[in-house]
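For clarity, chains are labelled A, B, C, D, E, F, G, H, I and J in written order, and residue numbers in each chain start from 1.
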């Protein structure tokens, strides 16, 4: 089941730079693990912004919630969650 | 080069049903041709809405404009265009 | 899996009254059938408005989409869909 | 008498973690007591957000106000209150 | 129990003038009957607008809904409903 | 001459509690004095919010401005001011 | 007593051109009469828009309402009314 | 050439009171000098708000920018700039 | 003196196609004449939209207003006008 | 390929003045280098605001992102990115 999640990241100007770097590294590792297992199907940067558009493939709303809440940068993010469906015109079944 | 395009379709209540059906069939054929050639990389329905989220892979802004303007349902659509980049955390090259 | 759906109904002033009455009767029958089978868990009127807040319990985004698209009054509605989770403080399991 | 209350929780990044944990525990206990006595009829998490949708069943606006003002996390919340009615299509009387 | 209701009236330019006049007369009579019985506690015009701010005193959300739905001009109105409480600084009991 | 004033109060989380209590007491005394002399005609709490809806009866815009600027909690408030008129359907002259 | 009124004019594309011309002439005559008697203190066009910013000097909210409601183009306008005061830094008394 | 400038002033609660008083005095002197030389044609307070509506008469956009940037309170202001024209219905030439 | 003007064009679905084509041809001719004489410095299409971003170089707000009001498609447009200045970092004098 | 980028700059009131001056000097040098090489085609100040409208000419979304992310003042900016096309009515080829 697919969801679009749009994430805007706002790290305060005076946040500790080292801690920020550590959180970003954790975020990247966490994201890549989920991409590798097929949960985080796509991630794109919005051009010019510290924001991404992501597509998640999860078993349920609960599963999506747990994945997002575990994001190392979650406390710095504003989230927009949009449930998606396979489009009747789609030619690929695995874009369900 | 990737773009997210969000399309909301609004066909007036009193629009001729036959003509609407014809336009939707044309739209589907047009979309599937572009999906097949790799231009229209993804298309998802927003759950519960007559709206879609699409990812286009085009050579330029000009190319995207031409593709969108040729949509048979374009006159009934409200469009939102967001340029995208490969995300530094992405593990797949073809999500450029 | 639960979703909140907020529906605003706008029937044009000059829409045929008899046809509107017929559609509303169909809508009511359709809603009650889905309430009876547990799909449409709750429906409340927003006080003073021709709008409702509903809770749906469905197997997937696809299932929700199909249920909503089949609403007899769908062409007259503006929809807002919000995916929901069981809340960690909830004391009732069936509010999953 | 039913009300939908949507609560967004925003605890500042630099708020004392222990105090936050204490307040959340109090909030949970308070919520569960009100759920048990039928005042707080439903509580759902909005997927991916630190927000909930709740349904309250109270005797009056005054009663709702008192319940909400006593929330341990109230100072961190943005509230949206929507009065609700039994829907004419509802099949259950106790969703009044 | 008090509610503020803000009503914006929009009668289409081409609506039959005689029918509009008849509806406005009915609206006035209906409003004055409710003012006389204490249900419609206050009604003020917003300066320069075809809009009013009203205070209703009703037994329940249901009662308010029924009162509003019976407004002769309801189909031409956009409504905003805000539940109110007696303010702790109020000196008059009947502003409950 | 009547005005509706909607006031949202936002006292920062870390504001000195004693000073806040002192300001609230002053605010209440100030409000009650103005209610007693007929300037502050009505004050209602918005249910669930730290906001009020008030009706002022003043001789001029200048008079309203001076009254509002002297509110002890003014620096913590967001104000919305709406000029009002007697409504042609009102049955009470003193709601002018 | 001063008020800023911002008026946006929207005459439908298919409105009778002759009737529109007649209404605009009436509007101009009405505006100029009020300018001459000091009620309509200023009127400026917003550059590039069919909108104006006006300053009215009236005895009361009631007086402003009556002046605005009598505008020949009122049914085609969207109004925004802002009460104004003499500014403490103003050097001219007649900008009261 | 005329411009409407709407200025909202937000001085932080914890800003040094003496420094604020000094800046306000400078602001007033600066404003009055510009009023005296005809650049700042009008300034009105928005009733109940720490905001003003001003009309500037300047030779160019550049000139307006320089005037505004030199406002002692500029760093605390949110600005909205609207270019204005003489209105075809205006009876006074000097309201150009 | 420079202004950015953003124009969104909305021609109704049922507008006469021949008349629309005639107006678009006139619009193009008019635009090109103004581009040639340096008034309409730049015009770009917003990708995927029937909207443009334009830069005008005019002697005054009045001049801009007259140029825009004479656009053959003006009645179908929503305009946003933003006055611009030479930027202190600009390296080209002719970007004024 | 052209993009419009609108940048609003917000440097906190208490940010170190010397550091701000250093960053602004770097920003200016960086901007002028990009203007000189044709990447940053235009930059205009929005009148009265600490905001600019810029036109970038880049090879791809990726290139634009890299250019923007390297802005010395990027952490203080809110960005809006709009992809642009040559307009069919444009008379200059190099405004592609």
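Quick note on the criterion: contacts are C-beta pairs under 8 Å (C-beta built on N, C-alpha and C of every residue); 3 or more make two chains touch, one makes a residue touch a chain.
All values reported here derive from a predicted model rather than from experimental measurement.
Visitor: Among H-J, B-J or D-E, where does the F-H interface recur, judging by over half of the contact pairs matching in residue number?
Guide: When the contact pairs of F-H are compared with those in H-J, B-J or D-E, H-J matches.
Visitor: Determine the centre-to-centre distance between subunit D and subunit G, using the mean Cα coordinates as centres, and give it in whole Å.
Guide: Taking the average C-alpha coordinate of subunit D and of subunit G, the gap between them is 46 Å.
Visitor: Could you give the separation in Å between the centres of subunit D and subunit J, each centre being the mean of its C-alpha atoms?
Guide: About 45 Å, centre to centre.
Visitor: Would you mind pulling out the distance in Å between where the CA atoms of subunit G average out and where those of subunit H do?
Guide: About 22 Å separates the centre of subunit G from that of subunit H.
Visitor: Pull out every residue in subunit D that's touching 2 or more other chains.
Guide: Residues 2-3, 45-48, 61, 64-65, 81, 83-86 of subunit D each touch two or more of the other chains.
Visitor: Who touches whom among the chains?
Guide: A-B, A-C, A-D, A-J, B-C, B-I, B-J, C-D, C-E, D-E, D-F, E-F, E-G, F-G, F-H, G-H, G-I, H-I, H-J, I-J
Visitor: Which residues of subunit J touch subunit H in their complex?
Guide: Within the complex, subunit J contacts subunit H at residues 13, 45-49.
Visitor: Under the definition above, what is the set of subunit C residues touching subunit B in their complex?
Guide: Interface residues on the subunit C side: 3, 5, 12, 15, 61, 64-65, 68-69, 75-76, 79, 81.
Visitor: Quick check: in the complex, which residue numbers of subunit B touch subunit J?
Guide: Listed in rising order, the residues are 1-3, 60-62, 64-65, 81, 83-86.
Visitor: For a test of understanding, state which residues of subunit B touch subunit A in their complex under the given definition.
Guide: 2, 4, 27-28, 31-32, 35-36, 42-48, 52-53, 55, 82-92, 95
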